[in-house]
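Pasting a structure below so you can have a look.
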Amino acid sequence: MQTTLQMLKTHPSATGIAPENLAAAIAKLYTCAQACTTCADACLGEKELSSLVPCIRANLDCADACLATGAMLSRVTHSPTDLLRSMLGTCVKACHQCAEECAKHASMHEHCRICSEACRSCEKACRDLMG
Amino acid sequence: MQTTLQMLKTHPSATGIAPENLAAAIAKLYTCAQACTTCADACLGEKELSSLVPCIRANLDCADACLATGAMLSRVTHSPTDLLRSMLGTCVKACHQCAEECAKHASMHEHCRICSEACRSCEKACRDLMG
Amino acid sequence: MQTTLQMLKTHPSATGIAPENLAAAIAKLYTCAQACTTCADACLGEKELSSLVPCIRANLDCADACLATGAMLSRVTHSPTDLLRSMLGTCVKACHQCAEECAKHASMHEHCRICSEACRSCEKACRDLMG
Amino acid sequence: MQTTLQMLKTHPSATGIAPENLAAAIAKLYTCAQACTTCADACLGEKELSSLVPCIRANLDCADACLATGAMLSRVTHSPTDLLRSMLGTCVKACHQCAEECAKHASMHEHCRICSEACRSCEKACRDLMG
């Protein structure tokens, strides 16, 4: 997050969002995308795999949504647009769905518990940016 | 699109969307993502580059939105969800914004004209899937 | 592929690769990425899921490699670089691995057979571009 | 990186790479992808834009390579494969090229200086994993 914050602060265009808030949200988006990618792979290695299929699908959707949102937010110049707001709203839904799905398996699989928390944290950051 | 259609038809789970419509939309999403990626690079090679900056930014946002939407649609099992509908709505906005921006330069740059058409075609396909 | 070819032909910078060959390879890369994304999801819906885990992992790796390669090739100006050659070589490996893995299940699952063919076709196109 | 490390440690399959080293590399890959995405956008906002075109192109290639590598590394089960080694080698080249290009503008643009450092750090982490 330190590198992201420095990048945002040295960007020539001002953004409507405080760089600290933006950097925090971007960090959570990439962290969540990474956690979801590993959670899908970890689920594929579990014995009761068939019960984890909805979790894997939610993981993959969430990772895609987070990366697209993270990239758009990283192009900071268009902060208050309608498109960005819509992308954030989509990401909120993807994170929410994945957090709920992972939470069902949190007591059995630590990776689902940790991933669920990463999703919730990312969901909140996206909601906050939507204002 | 032929490969995509075959993939969808041999998927074990039925989807709420007709495979032909789904395959057509997916093809347009990847085509649009590709066109936007090349359009951004082509704009970077033009002489009056500074006037094309908003076009390049719209290209990059649109490519990201199209790839995320294309991936979600390719995981066909969750067709009628709220998340997918939201992602399609976001992609409609990204395509619309990029089509408008490219259209401003269509008379001067053929790549902007072609990209604008790819965006409009993709925007329509996403709208149609939203029902 | 028609849109891609038009985009490449109207790009202001010449490329070291004939646009027809480049467009054909790019089309195969996006088609392969899409097929792998659907094949992973289709495998997740099959009954003998546990035997398909290596296939799903190969699908996900291959989709990521194809999209990164497709994006780099779509920024046509840097065609003959060392980086592009290396990316193509990586993509050849990803496609080869996924084609082999899918082929093991081709007699049981049509989606694996079709995906395997898409991977082989993409592998060949990448090899051809490497020269 | 804390979340990534926890995810890797709770993954059911052992990996050939120490989780601490893997988590550090993954963190650098996503950080570098993010920095490159913002650097490209920041360059687009600078006055002497035409001199920054090679930097923007290197940024975009590097971001794509880092995300593909980060995703493959996040699917930790296949650590010592030939494919992963090849992807890491490609990413080393992408990071190296972007670091060199950004370094040319580091004295004039802080974002290029910071991005160059993120690329060098990521290049080193990928080299170490190949080791």
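For clarity, chains are labelled A, B, C and D in written order, and residue numbers in each chain start from 1.
Throughout what follows, contacts are C-beta pairs under 8 Å (C-beta built on N, C-alpha and C of every residue); 3 or more make two chains touch, one makes a residue touch a chain.
Just so it is clear, the structure is predicted and the values come from calculations on it, not from any experiment.
**Q** For the interfaces A-D and B-D, which has the higher count of C-beta pairs in contact?
**A** Looking at A-D and B-D side by side, A-D shows more C-beta contacts.
**Q** Distance between subunit A and subunit D based on Cα centroids, please, to the nearest Å.
**A** 19
**Q** On a C-alpha centroid basis, what's the spacing between subunit B and subunit D, in Å?
**A** Their C-alpha centroids are separated by 27 Å.
**Q** For subunit A, give me the residues that contact two or more of the other chains.
**A** Each of 40-41, 44-45, 57, 60, 67, 71, 75, 77 in subunit A touches at least two other chains.
**Q** Which word fits how the chains touch one another: line, ring, star, complete or other?
**A** Shape = complete; every chain linked to every other.
**Q** Under the definition above, what is the set of subunit B residues touching subunit A in their complex?
**A** Residues in contact with subunit A: 57, 60-61, 64-65, 67-68, 71-72, 75, 77-78, 81-83, 86-87, 89-90, 93-94, 97.
**Q** Hey, which residues of subunit B end up touching subunit C in the complex?
**A** It comes out as residues 3-4, 6-8, 10-13, 26, 30-31, 33-35, 37-42, 44-46, 63, 67, 70-71, 74-77, 109-111, 114-115, 117-118.
**Q** Quick check on the complex: what are the subunit A residues that touch subunit C?
**A** 40-41, 44-45, 49-50, 53, 56-57, 60
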